[in-house]
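In what comes next, chain A is part of two complexes: it sits with chain B in the first one and with chain C in the second one.
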Partner chain A sequence: MSRTKGLDIVSLNTEVPVPAPGERVTPRPVLEVSDLRVSYPTVAGPVEIVSGFDLTVAKGERVALVGESGSGKSVTARALLRLDHRATVSGRILLDGTDLLTLSGAEMRARRGRRIGLMLQDPMTTLNPVRTIGSQVMEALRVHGVGRAEARRRSVETLDMLGIPDAARRMRSYPHEFSGGMRQRVCLAMAIVAHPDLLIADEPTTALDVRVQEQVLSLIDSLVDEIGMGVVLITHDLGLVAGFADRVSVMYAGRGVERGPVRELYRTPRHPYTAGLLASVPRVDRDGALAPIAGSPAQPASRPGGCAFHPRCARAESDCATVLPEPRRIGAADVACHHPLTAAEEGPR
Partner chain B sequence: MSPSLLARYLGRRLALLVTTLWGVVTIVFLLIKAIPGDEAQAAAGVTATPAQVEVVRQRLGLDESIVQQYLAYLGRLLHGDLGTSIFTFQPVLGDLQQLIPYTIELVGLAMVINLTCGVPLGVWAAARHRTRVDNSVRLAAIFCGALPTFWLAMIAQTLIGRKLGAVPISGVSTLGVEVPRRTGFVTVDSLLAGDLTAFSDALAHLVLPAAVLAIPFMSFVIRVVRGSMITALEADHVTAARAKGARERTVLLQHGLRNAIAPVSTLIGLQVGWMMGGAVMVETVFSRPGFGSYLTQAVAHKDTFAVIGMVLVVGVIVTFVGLAVDLVQLAADPRVRLLETRRASA
Partner chain C sequence: MTPSTPEATPILDVRGLTKTFGGRRAPQRAVDDVSFSVGPGAILGIVGESGSGKSTTLRCVVGLERADAGEVLFDGQPLAGADRETRRRFRRDVQMVFQDPYSSLNPRMTVEAIVGEGLDIHRAAATKQARRDRVVEVLGLVGLEATVLDRFPRSFSGGQRQRIAIARALAVGPRVLVCDEPVSALDVSVQAQVVNLLLDMQQRLGLAVVFVAHDLALVRHLCHDVMVMQHGVVVENGPCAGVFDDPQHDYTRSLLAAIPIPEPDRDRARRAEAASARRSA
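After this line comes the complex of A and B, so read on.
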């Protein structure tokens, strides 16, 4: 199977059908997730953490997956790689047209790292403290049969590209000899050294301070152009998303509530939850107190019926508590809400 | 860690080792003296007349004060003289040199069995955490830990030795199967003599007592390996390794067991000492020469120098094992190296 990798320039694929008027032109999707459901066994029976989530990522596209803690973002990330054997995953996860959920363990393993890279939140714990940086970056190639010398060469090259000074020598260093930001660069190197088509970055900047956050994000950003991969950036920080993502998907209680191009979503949020999230982000260009969303996030085990957000929603009506809203197209966004905000209302802003 | 720092580290550890051994000698010396009963009477025998007892007392220097006896003993110790046994009338060092190999052989094989069974079982249970495998291994570990050694030894003799007739149940070799003594280790000597029959005979005599000795210790190894593996496997770097596409075997060994080395090696170090103690019981039941028979006799006869000598030898072995464990951890964990480097340069 041939695969594009390395420094290919992502171009618009001419085979893509001519888009309907008003639709954005997007390259062939590298990842198409539909109706993803993830449940975990508990003493009280299985609990569904993610219940019907859709996501599409094109090559060279930056998609942000946004939600509060406990909304199912990280569970989604791990489910996409089928990393947690305790989880029951259903739906469809198409990677370049192949449904990952139908693959054998060995077939899935061959795609981890090589086709999909995963970057985790905390660089302090993502690196094994007793092994050298070099061995851990090289591992991502070695497990896919790359020879030692070749793995070393490419690891040094990648670390160098990600701005680790004196990379060849630092290969012999241990994680504790690096600063937090440098460690996260190493984690990024582990995730992309095999030049995957897709990078899933699960809160990659949360454990870092603000300046380092920017550096790491811009590194990921430049990699998208350089190796032409799609990126799913998982975060709870909407402020981070604005400058990075092409499209945003907002998640609440294991479901996508709104997704669309980043500009539209910021300018005219349609789902009351999205509007609430935006209103609770501190902004330097506006005065006034932040408006937190009332109540606390829905718990997966006791998810409210209908729209899970309705107990916290100012716009909720009787149907919200009973009927699950299906996503529908409003403007450029897909919104799962019975009573979405109109463009004129501007929500709480 | 640079060679000079390593040298300083080793120097400090050896100094500590000497201090430890001096403490061990002193405590054991005092304990022996605190046991009621007359050493001279014990040495002279129950039928000795008071005059004969006095002669023995003077000959052994027991008429001097405890301080003088202690200092005299320390002085001789520094010259490698562990004193003379009042029971065998032989130098204690010579007696021990005869017997140590048997016990080390037994403890060595027991440790091999302990680790080759205990570590994989612990890893297996951790890999199958909260499944039937895990529960069964845990149950087996608790069961092993609850078996008294003397009882296990006799059951093994009866079932495996007598009923199955699989292996001999006493001694170190079959009468007539003999090889020239060079190292004192029967297995090693038979290999040196190129006598494979003698080697398999020695091994057959060794395997049952070693297994019996190992089983209760396996219980701890399984539990500690399992516990530290479960902790290690919860770490993010394990998720990261799986996300790279690593095989589960690689994940378990490179990111699980490798990170669990510290607690496991600490336990193994402690177990060497405990096993020397456990060997006393096993040697007695299996009628093997070694520390067991010697220590039993020495304590019974209030044979001060024999007991101290033995404790000292076990102490030396245990402290060196402790040093080895620390070196293993130094090699396995760069953070330990960093700590020791800082301490050495402080």
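After this line comes the complex of A and C, so read on.
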């Protein structure tokens, strides 16, 4: 899509078809990641954090990437933007057909913020405490050559759209003058002010209270409708994204273990890890015991062989410890498991 | 899980607790006339958003903060003006588990030293062997092997660290366990482990538990009673079933409405409803 500077939300709105709620959108992918591998050097040699991960995001699509600590989800987010110079990244990261891994530093810089926006968990550390809110939001436009007055106008417009009262005046405020929820709105404004094709939000609501969490999710949601971007929302909480995501990808120990459309994945989880995550989410709408997953999440430096989940898995058999399960299609989902659950076993939740 | 029925006489009775921070020019009333009681073997949840005063309330009760007004009765006896022995007994009988197991365990102490420290302070173990036996016993209660005794906190995951913190609290045989967001730093799959462990300990040892959390869904699974705080004031309290199924206060309702449901269609409907409620507000 070609864009002119200063194109506003309203005119964009007309060129992007808004999908009806629940409708499966399958336009061309804005992001196609295949066989992504990321490793970091350690004193004991390189450690592979992400070991062959695939991800596809279409325009206007909301994809949830779910994984626990050490699963490699945040490393994936950083690798997509090539943010870590220490990391060794291989595979393919196609953004609108261009492989980001083949680009020069300057070509990559031209895309960060402009084509891909990134929003991180902790607004306390993401924002620079000694610079005004305005200068930090404007920076995302200024580095891409937008003039000062124009950058200011669009920054105010974006902050206003995100529900920051008296936005023009608050541009001169500093981060400490904002509450946590307001700071997270500023981070969202920085990520989307240049109208990127893709927003990567890494645990954007984890530090927030439930009501603010709800508001931030709704804001991201409405932005998808308004500017037609694709979203990758990264979270450790499968409970959070049921009503948000179109598709869900579950990651464990650096690999995708299950991905599929949101309804199928919640109704009939196939991978025992997905089912375990669902059963350990406390629900406010019903009583009943929580069913935790035994053990602790696998740590990157000491991942078990075969299926990395096998030491925690009640269905594990001998082959799980030795043979790495390849993803295969079951129903509408791709599942990497030797002994997946059948629909009857899981039953309706 | 069906919680065991709490008995009538409160073990912990808090009346009119008030705490103000800041100077005379800009006083911030963090806790404003908060009263509650916890019976032996009962589990009370205190919920609210950040800044609601829930943690400050807890810290005032255990004596980590000095309240400006109000009193705490332990076993029917006021703590203020109590003799040394009563206050000593209170500090032994009321134990705390903190939010962040990465900062609440001394990185330079072994597991045995961490869990056994309370036994030394309260002279609860006559010999070195008795001390070690007790440490191994409580570690067993929380599902850790005796082989961890000589290890340091850094070699444990978050969930295991929180188990060590719980073992430390249980070592001196308390009657009340006070937990400040004990699982909010943990992964979801491990959260459920620790919540079930707390429930198990409560039932096996007949503990009273005060559980501070911002996650109302967790409170529903763990607690008998719940107290909802906003801006330092208790806006609603009562048995969990009543408060969750028929909330009386608007604040409680808005908190409940914001909690995601892990079912795509129902959560979509809930979010649409919450959004329209916000627009009309």
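As a convention for this text, the second predicted complex is superposed on the first by the 319 of 349 C-alpha atoms of A that agree within 3 Å, B and C clash if a C-alpha of one lies under 4 Å from a C-alpha of the other, contacts with A are read in each partner's own complex, and residues count from 1 in each chain.
Everything below uses one rule, namely that a contact is a pair of C-beta atoms (placed from the backbone, for glycine too) under 8 Å apart; a residue touches a chain by one contact, two chains touch by 3 or more.
Note that the structure is a prediction, hence the values are computed from the model and not measured.
A.B. asks: When the two structures are superposed on chain A, do chain B and chain C clash or fit side by side?
C.D. replies: Partners fit side by side after overlay.
A.B. asks: Figure out whether A:Q215 sits in contact with chain B (first) or chain C (second), or with both, or with neither.
C.D. replies: second
A.B. asks: Does chain C touch more residues of chain A than chain B does, or is it the other way round?
C.D. replies: Per-residue touch count on chain A favours C.
A.B. asks: If we overlay the two complexes on their shared chain A, which of chain B and chain C does A:R37 touch? Say first, second, both or neither.
C.D. replies: Once the two structures are laid over each other on A, A:R37 reaches no partner at all.
A.B. asks: Considering only touches as defined above, state whether A:V281 meets chain B (first), chain C (second), both or neither.
C.D. replies: The second partner, chain C, only.
A.B. asks: With the two structures laid over each other on chain A, which partner does A:T125 touch: chain B (first), chain C (second), both, or neither?
C.D. replies: In the superposition, A:T125 touches chain B alone.
A.B. asks: Let me test your reading of the model: by the given contact rule, A:H176 touches which partner, first (chain B), second (chain C), both or neither?
C.D. replies: In the superposition, A:H176 touches chain B alone.
A.B. asks: Looking at A:L290, would you say it contacts chain B, chain C, both, or neither? Reply first, second, both or neither.
C.D. replies: Second partner only.
A.B. asks: Is A:R303 touching the first partner chain B, the second partner chain C, both, or neither of them?
C.D. replies: neither
A.B. asks: Is A:R28 touching anything from chain B or chain C once the two structures are fitted on A? First, second, both or neither.
C.D. replies: The answer is neither, since A:R28 touches no partner chain.
A.B. asks: Just to confirm the geometry: in the superposition, how small does the C-alpha gap between chain B and chain C get, in angstrom?
C.D. replies: Least C-alpha distance after superposition: 7 Å.
A.B. asks: Tell me, which parts of chain B touch chain A in their complex?
C.D. replies: Residue list for chain B touching chain A: 235-237, 239-247, 250, 254-255, 258-259, 261, 332-335, 338.
A.B. asks: Under the stated contact criterion, what part of chain A meets chain C in this complex?
C.D. replies: Of all residues in chain A, those touching chain C are 21-22, 68-69, 180, 209-215, 217-218, 221, 236-244, 262-263, 266, 276-285, 287-294, 296-297, 299, 349.
A.B. asks: Considering only the defined contacts, which chain C positions touch chain A in the complex?
C.D. replies: The touching residues are 1, 49-50, 157-160, 187-193, 195-196, 214-218, 220-221, 244, 254-256, 258-272, 274-275, 278.
A.B. asks: Quick one: in the complex, what on chain A touches chain B?
C.D. replies: Residues of chain A touching chain B: 78, 81, 83, 109-114, 116-118, 120-122, 125-131, 136, 139-140, 143-144, 174, 176, 187, 190-191, 194.
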